[in-house]
Amino acid sequence: MMYVIAGFAIWGLGWLLNLYLANSKWSDYRAMNIAVPLIFGLTVLLVWECFVIGFDVNPVFLPRPSDIVLRMAIEMPRLWADFVQTIVKGALTGYILGGLAAFAIAVLADRSEFLTSGVLPVGSFMAALPIVGIAPIFVKWFGSDWESKAAVVAVMVFFPILVNVVAGMRDTTSMQRDLMRTYGAGYWPTLLKLRLPAAMPFIFNGLKVATTLSLIGAIVAEFFGSPTVGMGFRISTSFGQLALDMVWAEIVIAAIAGTAFYGIVTLIEKGVTFWHPSQR
Amino acid sequence: MTQEPTIDAKGLHLTFETNDGPVHALQDVNLEINKGDFVSFIGPSGCGKTTFLRCIAGLETPTSGHISVNGLTPDEARRVRAYGYVFQAAGLYPWRTIGGNIRLPLEIMGFSKFEMSQRVERVLELVDLTGFDKKFPWQLSGGMQQRASIARALAFDADILLMDEPFGALDEIVRDHLNEQLLQLWARTEKTIGFVTHSIPEAVYLSTKIVVMSPRPGRITDVIDSSLPKERPLDIRDSPEFISIAQRVRDGLRAGHAHV
Amino acid sequence: MTQEPTIDAKGLHLTFETNDGPVHALQDVNLEINKGDFVSFIGPSGCGKTTFLRCIAGLETPTSGHISVNGLTPDEARRVRAYGYVFQAAGLYPWRTIGGNIRLPLEIMGFSKFEMSQRVERVLELVDLTGFDKKFPWQLSGGMQQRASIARALAFDADILLMDEPFGALDEIVRDHLNEQLLQLWARTEKTIGFVTHSIPEAVYLSTKIVVMSPRPGRITDVIDSSLPKERPLDIRDSPEFISIAQRVRDGLRAGHAHV
Amino acid sequence: MKSILPVLTIIAAVLFIWTLAVVPMNMHLTADQAQRSGAIVTPDTPVARKETNGIVLALKNPHLIALTYVGKRPNLPSPHQVGLEMFDTIFGKKITSKRSLVYHGWITLAPTLLGFAIGTLLGVLLAVGIVFSRVMDKSVMPWAIVSQTIPILALAPMIIVVLGAAGIHGVLPKSVIAAYLSFFPVVVGMVKGLRSPDHMQLDLLRTYSTNNVQSFWKLRLPSSTPYLFASLKIGISASLIGTIVAELPTGAKAGFGARMLVGDQYGQPILSWAALFAAALTAAALVGIISLVERGALRKMGMKPA
Amino acid sequence: DGHANSVSLQLQWVTQAQFAGYYVALDKGFYEAEGLDVTILAGGPDIAPPQVLAGGGADAMLNWMPSALSAREKGLPVVNIAQPFKRSGLMLTCWKDTGITKVEDFRGKTIGVWFFGNEYPFLSWMSQVGIPTEGGADGVTVLKQGFNVDPLLNREADCISTMTYNEYGQVIDAGVNPDELVTFQYEEQGVATLEDGIYVLEENLNDPVFVDKMVRFVRASMEGWKYAEANAEEAAGIILDNDDTGAQNEAAQIRMMGEIAKLTAGSNGALDVADFDRTVATLLSGGSDPVISAVPEGAWTHKITDLALK
């Protein structure tokens, strides 16, 4: 009971602290962008810990955060190997391949209205292929190792990037286009000097959504066949063994890696699209 | 070739379809502009000045009628980069600095690095924006943006300059200064210039030909060939000739308004 | 209350931080505007006219100095809807028709349906756009859009009207017409008006007070109280008094430019 | 409607490549099978064939090419196999039959729609919160991102078990997973959209001294509309995928997901492929409906649809 | 009340003849005759029955004993109350042309294994015969096998895990001749562990109401099993009726029922303690990373079966 009350108290305190920080005069500092979510996260963890103890939750259900941290400390080498297998080999490779393909197809299709209006619906059809359907097929085609995971990721990230590149390249004002026309600018100058720069805010939208998709894709595909290493392998195996602390340790790694990946893309976006109203 | 007009519009019509009915932006417009002419377009707002300029530049396709530029279609002329165009709004690319915006046409037309920086510097000076080349458009005032867009159009030497109210957002002093500069440029280079303005003195001061337009439907109501000499000091504006031309323009304008 | 100036700026500074150094948009600006004044701001582009108007409206926060509006801070005054503001560019909402755009402030301020349609009709007529209420902004010419944005600011009766070059894109005839209308409105309603313009005659014709500004850093170089009577027919512009005030403004402007 | 021809063209191209790919993809299995029934195959052992690329193998054994199109458990079913299976299970069965894809489609569709509604509502609410509250902006957005980096298939069983323990069965648990996947694109798109008004548009409202509620209805919401629809299209596909993922830990009993799984497990790839394509078609149809609504809405708002 | 007579059973896989006894008992009204209202919850690749049990989502679960004992050690006290499966159906199926004839030949080969708590029997076996599972020329390379037999057909793996009653038949259905294959049944290798048993939470066994309904449940279930053994075709038909996916085919289910009958034959439902001890011994010999570290106490009870079979 004590713990439950403590949980609620921490909840309230964390919220108040954030309320204060976010509205304080420091709220525009860079550090606040990290501190506030961190406090939020820390609060969640503490409340979680208190509630698990207080409500006596069975650890095969929900482990305590402290157990998870402990597990992470013990299993570092294994977690690292899983990370390399799944994120570096599977997700990143697939992200790059899928991104390049989407980009190439978008730019190609964009040359003609005809191709674009054909590629987009077919692309959206592809995006709707559920991962639990394509993962077994790709494992069959490309084997159990990371290649099949990269293929799944490539397919998953393809559409969001494609749509955004296409939409972005159309997001120019008529005056901006007319200006290019008065220069008698051909396809390439218009592409390089107007359409691509103007498309950047959209492209980064797609790239950001794709970061989270790529992690999910690589991890989930391992459920359908893998070597005996990898985050998805570990999650499903540990889940079957009811080693929930290990499952959560991997989830934490996935969350950290995913957030970092997203953050890096966001940083690049800030640098590239500094001129867009949403960045100013 | 010298006989043939640089720009020749015959029986031009242009109708926009809108949600509540067609808008006749241009109706039976006929106009000849010769090489080296400085033509001003003046008329109430909505009379089709912008639309006509866009037709010349091949940015808008007339519903019917015929238009030729240097004996080519406007589209072809556009492709051989016959025009410099200044839009009614500045329309700078937000991801480029002022310098970068001016460099844009130069890059496209393949000028050398050195040539580019020289030209950028020269036109920035011309429009009084020296030192602003590293700023981004949103960091400039409205008038400064407009001047940057004029600089952009001047940076490459197109034979035909089309300017849609380029000096609208500028004060009298700068405006006088730029008017003089423009006249000098025109005299020196023999460019053909199409120029939209709302200022009667400006139109009279600059032009060899003044086209008065009237709205609903947009059409030309008067074409005045200026009898002013090519050499025009600012104080020519007090000459009786100047005042009489201005009066004719004003009457034409008033007639257009009465029609409303 | 009648003693106290409606708008009172004391020692205003405003500096923008940009990628290549700070820009001093306003430096030590002091100005008092009394209730019922019609104040024009004139100066070369980039001298801070827009910035100062935005400070009055509470849209920009000065780096230092003090400003009060009706004894309130600009922010507070904004909150009691003391202002009507016309921006330098039309800034109509593209998803609303012209009528819808004018109705926008009225909806927000909770006017009745009937009242709204009456007011929309009235101000559309005032700016000569009757019949255009169902068109979308991009179907209008530049000048027509600007007039629509003026109508939008006039539709609700704010005590203070701030207008940033409202007539820049209009031709002389319409401009004269709107100038007269504005003067009438002002005389009738005793509004306090802040008005940015680049036209010296316009400034002199309209104002009770003319503020001449100069750039880099942006500051006030002259404040001219007009001795013209309140009743002003258009031909007052030929009176010697008018011409002498205009000359003073022109001199002030020129001095500002020389400084560049 | 004018996009029908281009779409058909692209589909034709895809089908063409697909048809070509069937040969090398299935060549090994076909060769193994042909050899068992006495045909002469080069190279003549499966182990040697494994080292040979599918195209080369096809060139060496042209007489087997036709057989690659009719295998019962191909690596890549040929388009006509999938097409026939789909036709048969969509039109050839009573829609109440367990063998009808229409029946399974409905099983999957119901949680999808409910989940989409929940997810969209949640997404819009969060986006509004993020745009109007600094605390929400700073603390919720990073965690919304984190939530999407958690592999859903790992989380799904726990959610299902927790809800099951709370006595919630049936459509709702699947909808929760569907909502979990669909809220994120809506948040991201809506935040972007609600922040898309430019300075002048915002300043105008400031001069009217609007409160947040008014600026939401009059400015932010209208200008976010294009973004909203773009997100809804992604969201509805995500919702469908969520439902299908959720069909595994809810005991893969019925629905597209169950068909895919069971087809895969019992060596009936054609059945899986048919379910896979039916799912994608369903999503495409849902996206199409949203596009139609979008068209109407944007036209009414005077925006020229792109 | 409802609680006294309602039972929900969590299966460990999708509806198939492996679970025929329960479906038959339901369909033939054996449960009803005992006054029970039984719900059968199908399983699948992403369902851990012990977790469902812990969450209160089911009264009883089916599980393989290694997985159940491991859950017990993890702090989830599950107890075996009945053991309808006497023999193990687990085996490895290998291509003959890989040269594999005996266990020693596994070295340097790739083998597909089911994980998710089902890897223990294999790992124990390998550690008993001294073959490392970390790959290399000297050990086996382990693949986490998906839910189909493609790794074998595509020759990605030299051997895969199969059940006598299901996956093995699928390999044959794919056109493979039995004499192209070599099989290793865990039962014959002496490393068999007990498969599908009925488990409940230990604490529930203190509740007489619960015990009473379990007694009736086990009695009816065993009746179902015996009926299914004797009427394979009818049982397969019942499975098909209960399969909501509409994807199962009849021939495969009839064959599966036939093979399942061989595994349930010889069990009256009561756990044979010798089988239990053998399972525990196998698991304890699991080398460096054993499934369980000590002989489990109280992991089974005859309390239910004693009453049920009386």
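Letters A, B, C, D and E mark the chains in the order given here, with residues in each chain numbered from 1 onward.
In this section, contacts are C-beta pairs under 8 Å (C-beta built on N, C-alpha and C of every residue); 3 or more make two chains touch, one makes a residue touch a chain.
Per UniProt, the chains are A, D = ABC transporter permease protein; B, C = ABC transporter ATP-binding protein.
A quick note: this is a predicted structure, and the numbers were derived from the prediction, not measured.
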item	value
Shared interface partners, meaning chains that touch chain B and chain D	A, C
Dominant interface by contact count, named by its two chains	A-D
Innermost chain, taking as reference the mean of every protein Cα atom displayed	A
Inter-chain centre distance, chain D versus chain E - centres from mean C-alpha coordinates, in Å	34
Approximate Å spacing (C-alpha centroids) for the pair chain C, chain E	84
Separation of mean Cα positions, chain E and chain A [Å, integer]	38
Centre distance in Å when chain C and chain D are each reduced to the mean of their C-alpha atoms	54
In chain C, residues with contacts to at least two other chains	89, 136
In chain A, residues with contacts to at least two other chains	61, 136, 140, 223, 236, 239
Where chain D touches two or more other chains at once, by residue number	75, 153, 157-158, 161-162, 248, 261, 264, 302
Touching pairs - complete list by chain label	A-B, A-D, A-E, B-C, C-D, D-E
In the complex with chain B, residue positions of chain C that touch it	16, 18-20, 23, 42-46, 49-50, 88-89, 128, 134-136, 139-144, 146-147, 165, 168-175, 198-200, 250, 253-254, 257, 260
Chain B to chain A touching residues, read off their complex	54, 57-59, 78-81, 83-85, 87, 89, 91, 93-96, 104-105, 107-109, 136, 138, 162
Footprint of chain A on chain D - complex, ascending	2-3, 5-11, 14, 25, 75-76, 134-135, 137-143, 145-146, 148-155, 157-158, 161-162, 184-185, 188-189, 192, 195-199, 230, 233-234, 237, 240-241, 244-245, 248, 256-257, 260-261, 264, 269, 272, 275-276, 279-284, 287, 306
Of chain D, residues touching chain C in the complex	200-201, 203-210, 214, 218-219, 222-223, 225, 301-303
Contact set on chain E toward chain D in their complex	11, 14-15, 41-48, 51-52, 55-57, 95, 97-98, 146-150, 153-155, 170, 173-177, 243-249, 252
